Amino acid sequence: MTLEVTNEASSTRPDLSNRDFALDIQDFKVYYDTPRGIVKAVDGVSLAIRQGERFALVGESGSGKSTLAMAVMRLTRPPGRIAGGNVLLHGTDLVSISEEEMRQTRLADIALVPQGAMNSLNPVMKISNQVIDGIIDHIPEDAPKPDADELENRVNELLVRVGLAPMVGQLYPHELSGGMKQRVAMAIAISLSPRVIIADEPTSALDVIVQRQIMQTLGQLQEGLDAAVLLVGHDMGLVAQFADTVGVMYAGKLVEIAPVETIFSNPLHAYPQLLIESIPTMDERKPLTGIPGLQPSLLNLPEGDVFAPRSPIPHTPEDAATVPKLVEVEPGHWVQLSRSSVADFNTYAHLVDY
Amino acid sequence: MDTPQASQSPTSPPPSRSKTDELKQLYWDRINPIIRYARRNPPLIFGVLLLGGLMLFVGIGYLVYDTEQYRVLSADPGDTRHPPSLQYPFGTDTAGRDLFAVAIRGTPLTLRIGLIAGFFAVSFGTVLAFIAAYYRGLVDGTVRVMADVGMTVPPLLILILIAINIEGGLSVDQMGLAVATVAWVWPARTIRAQVLIMREQSYVEISRLSGSSGMAIIFKEMMPNLIPYITASFVTSVAAGILASIGLEALGLGPFDSPTLGMTIFWNIQQSSIILGMWWWWLPPIVAIVIVFVGLFLISSGLDEWSNPRLRQRV
Amino acid sequence: MTPDGVRSESVVSRLKHATFTELLFVVFHSFLLRRFLFFLLVIWIAATVIFIIPRLSGQDPVKEKLLLEAQRGGAIQTGFEQMAEAYQKRLGLDQPILTQYKNYMFDLVRFDLGTSIAFYPRSVNSMIADSILWTIGLLGTVIVLGFLIGTLAGALLGWPRSPGYLQFLFMPLLTLSAVPQYLLGLILIYVLAFKFSWFPLFGAYNPGTLPSWDFAYIWDVIQHAILPALAFILGAIGFWAVGMRGMMINNQGEDFMIQAEAKGLKGARIFMRYAVRNAMLPQVTGLALSYGTLLSGAILIERIFMYPGIGDTLFQAIRLSDFFVIRGVVMTVILSVATATFLVDVLYPLLDPRINYGRR
Amino acid sequence: MSALLELQDVTKVFGGGFLDTRGVTVAVDRVTLTIEEDIPRIITIAGESGSGKTTLARLLLGSIEPTSGTMLYRGKDFSGLSRRERREFRREVQPIFQDPFESYNPFYKVDHVLHSPIKNFKLVSSRDERDRLVEEALLMVGLQPDETLGRFPHQLSGGQRQRIMVARALMLKPRVILADEPVSMVDASLRATILESIQDMKRELGISVLYITHDLTTAFQISDEILIMYRGNVVEYGDVTKVIPNPQHAYTRMLIDSIPQANPGKRWGKLLEATGTEMVGTGEETEQFGIRPQATRHYDEVEPDHFVMISENDAGSPGEEELVSAATDQGPSS
């Protein structure tokens, strides 16, 4: 249903061929086959990230953001499956390449900083070996094998780059704190200097001070590599601190994409508006607000604007039933336009034909 | 608000609704989901079917066959060692037993040993586990050491020592009890571990802070959630009990006057049925034992899946 | 509750800055010594239970057996008087029970298991010594082989990238794991030894051959060992495969498995170094826990095959009501199980770095 | 003014048993805290994981006993309470836990968690009365009884589950509610409603709330007083409107500086170097912020209702002034 939208969308992108994007996700769909029906966890998401850009994908739990991140790496496991769309990594479609090509692409071209820092390292292997094995498995068949000293130096250098002492390589995961484990995960992610890094809630379960250190280190690494980063998270504070561009997901779809300043100062869709209003600040004490209602079940979602039941904007049932479209309302600012969820709909009504 | 509480505790005031409504509600709340779930748990179904089939065989056999012929020399005292025929479906052995009658009589006896052993082992193990986990400290330490020692000492050996010291050998029921004396170790260990995990859970804490007594916490909060574990460990204990009893019987320490599956195996070994080429003698008890063990194993792994929410979600 | 930092500190910096003596203290104080004390405790409790059980029936076991033997008369008539006397002296049967217990324990400490009643004056020690080598030779091989093959089979069964047809192996393996091994032995004897005569029916070597270290004898021994070994291994493979498969499937959901794939590692490396390596850990613990059960199974296999190992000795002793031999075999088996579990526990930290001497 | 619940110099030490080589953890180090009877307050205990805040909550709930120091309930030593007094304490001090799902017994419908305290504390005499009490409590937290009762916990949303736990606590008419990270597992959009009902407890029902959290932003929004904990010590405490805008202790400052503010214009300052916990395993652990278990210390009143801990370090460790000034350098760039 958003297929036409995407076509339309890509045609409206001014003088940028797909090659200019580091990561170009087009009309991407990830479905879960459950006994009770198909859960459309990611349903027609399109977004593109330029080289060197930090793109944050935010949404509540169950909005499909983590599912999207894993599916981009093609790590979706049954009953989940990629149900359609393309993921162009510097122009190569990751959805259609062979499993072996995908394996070689992981880490070398697109790396993951995982969510569960606590458990993402093999508990029975020394840190240095866990850094090394990724490197070794990406050496081309015909290339000379590096000797042990060379590898050790490389591991040490990587550990230092993420702010760890080289001797950490000789330890086992259980001997490290949560922050240190996440730093190791980052060292692994940058070990082959990938151009795209996906960070899936990299600081969940970490304390604020450590969280700041990790995010700042990640930022430094991103700058050093000029990599494109897709940060997945739910903490609007972290997003404000880190991202250049923000995409807001709701119930498997993107409702708004905008530069970080715009999304905080001038969100157009009701969901990001309410989301941002509900963040408590440290500046002044004021009554807290929330978003009324619940996120709908992704099983058998009705057609139309899924946010309508929670939207404070007055609307008719017809408005809510109209399938909304994601349109670029100003350069770099995309909104899922619908009468039921966008207060300024009339301003942009000329961009859509309903 | 006026939905009747199917999960109400027995001590709460009687509900205003009629008993049938209550039962209907119970069905929809508790039993129906179980049935629906069971459909997605083939091991459980398959295991139940296997054992059910075996029981059906025994039941029908009792109804239509003269099972008294299990006794020595009761079938054709003149010429022994009949291969299977219409008259003797499973043949006869060197001592003139009708092996079909033996199979029908023996299978439930062996199951009986297992059930007795399983029942006492799990009851004792559960009580011990709760006492240990509830009182902690020295009591817990003692139970833990006892269980750990029990894990190290092979049950069969202790059973041998018990059996050789009982005059006139063991009866079927004594056999079950003897096996129970060594089989409580595993249930005690696993259930204790579960109780220790559970008592740290928030809902137990909430219940305690809601003024519930220790007994109420054990029986109303913990027990219902432990039922799958206890059932699974009962099934496992039954299997372990049968295994140990057959071993004991094969060594010649079983009830000589009872035609249990293990004793049938013993007579096979004793009379060298294999060299005599009497395959019909040893095959039925082995098949019956295999059905029992595979059935019990499938049921316990099915129950495992039921009690393990992580596996359950995957079903 | 404990902050990460505190835990790391206790492990790393404390051990790093400890002197050698302190290190020894930490090691012994915390783990080895405690584990060794537990080992002794197991032996002591087991020995005590063995001492108590016969006395629960209210009769003196030895006296009873001696009477029984006296009634049977026959082969062992000569020397019976001395034997009875020797027991009187040795055990002090008329003495208070505590004295008896003390003597019994004292003999145990010196590993003196007493004298056979049926084969007087042979010592139980020598009878066990004669048979135990057969058991160790057969068992040692089959326990290791069964564990390795079974674990590998389970690993392949639980690996999502294994070819689909492998799954057909699961039901047969599950059935094998559920069947007592000695019953498998019966079937094997019937089919392979009786029907096809590929292997000898029973024993450890041909009664005609004289034990010597020549090729014919060794070949004879191997031929005799194959069937009992096969019976044991088949059952063990099923047992270990079913367990390992479960571990492998459980492991699939672990974050480090997903991360290994995200690292673009080769399938073989993920399989060996990540999946199998971690799924092995509970298997090894399982090996220690089920060693006793395996040994009981081996005893029954020896019984079926009339293999002259310790199990056969035990069976003969049961048949002849040879109490001291039974007790000696039981004690030996318990000692070996306790030693094996002790060794596994002590060596386990080598496999799993999370377990170290400092904790547990 | 009479104190309802009082901690005096309470210390809780874990570990250190016979043959225990894991070492000793001082989870709570000489904490003094008073909850008044007549003036309801929302008091925040803030700290990161391992700071001892959850241990403090369990001490106050009577779930664990202090290693040293005393806990007083209505002026009486807690360990010397009679059966009846202890029962009264059970009802008057009620918890709300972090994970609303784990607070429910999966075997029962949500009604169970509401009915069992009513029965145990004998709050009502009839079934109708009980049902009325339950409905009132649910309406109070903004839930429709017919939408929530008779369901199993997994059939409700996280926010609904947590609000039922709030209703459960309110139903018992407690004097104090201990809310241990009540919103950290609830989605941002639902956070507000739960925090609001916590504020309502104080405003409308006169209940004091101990709000235990690692989130200083919500603490700043809803509480009256705040205690900042670090490694078992209260390093700074006082009126929340004084402590947060004007933090004195180096740790508090670093904590506040590290909060990711939802404002792209107010980004973090320069890269924060690894702290003591991060460097563990790389060599000597630095004694951060002058915290050392059982060290000599006292509290300075830097302004009315605002206290900061000063620890008397032994020579070699940085003094308090040094740390404070070091932290000032690390302030946000904006």
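Note that the chains take the letters A, B, C and D in the order they are written out, and that residue 1 is the start of every chain.
The rule we apply is simple: a residue touches a chain if its C-beta (ideal position, glycine included) is under 8 Å from a C-beta of that chain, and two chains touch if they have at least 3 such contacts.
Not measured: the values here are computed from a predicted model.
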Furthest chain, CA centroid comparison against chain B: A
Between the pairs A-D and B-D, the one where more C-beta pairs touch: A-D
Euclidean distance of C-alpha centroids - chain A vs chain B, Å: 52
Centroid spacing, where centroids are CA-atom means, of chain A and chain D in whole angstrom: 33
Averaged-CA centre spacing for the pair chain D and chain B, given as whole angstrom: 49
Contacts with two or more other chains, residues of chain C listed in rising order: 4-5, 8, 12
Contacts with two or more other chains, residues of chain D listed in rising order: 49, 277, 280-281
Multi-chain contact residues (two or more partners), chain A: 171, 175-177
Complex interface listing, chain B residues touching chain C: 145, 148-149, 151-158, 160-162, 164-167, 243, 246-247, 250-253, 265, 268-269, 274-275, 277, 279, 282, 286, 289-290, 293-294, 296-298, 310
Residues of chain C defined as touching chain A within the complex: 4-5, 8, 11-12, 252, 254-256, 258-266, 269, 273-274, 277-278, 281, 351-354
Interfacial residue positions of chain D with respect to chain B in the complex: 61, 63, 87, 90-91, 94-95, 97, 99, 102-109, 111-113, 115-117, 119-121, 127, 131, 134-135, 145-146, 149-150, 165, 168
Chain D-touching residues of chain A, taken from the complex the two chains share: 60-61, 163-165, 167-168, 171, 175-177, 179-180, 183, 207-213, 215-217, 220, 234-241, 260-261, 264, 274-276, 278-282, 285-291, 294-295
Complex contacts: residues of chain B adjacent to chain D: 1, 3, 5, 7, 12-13, 16, 201-203, 205-212, 216, 220-221, 224-225
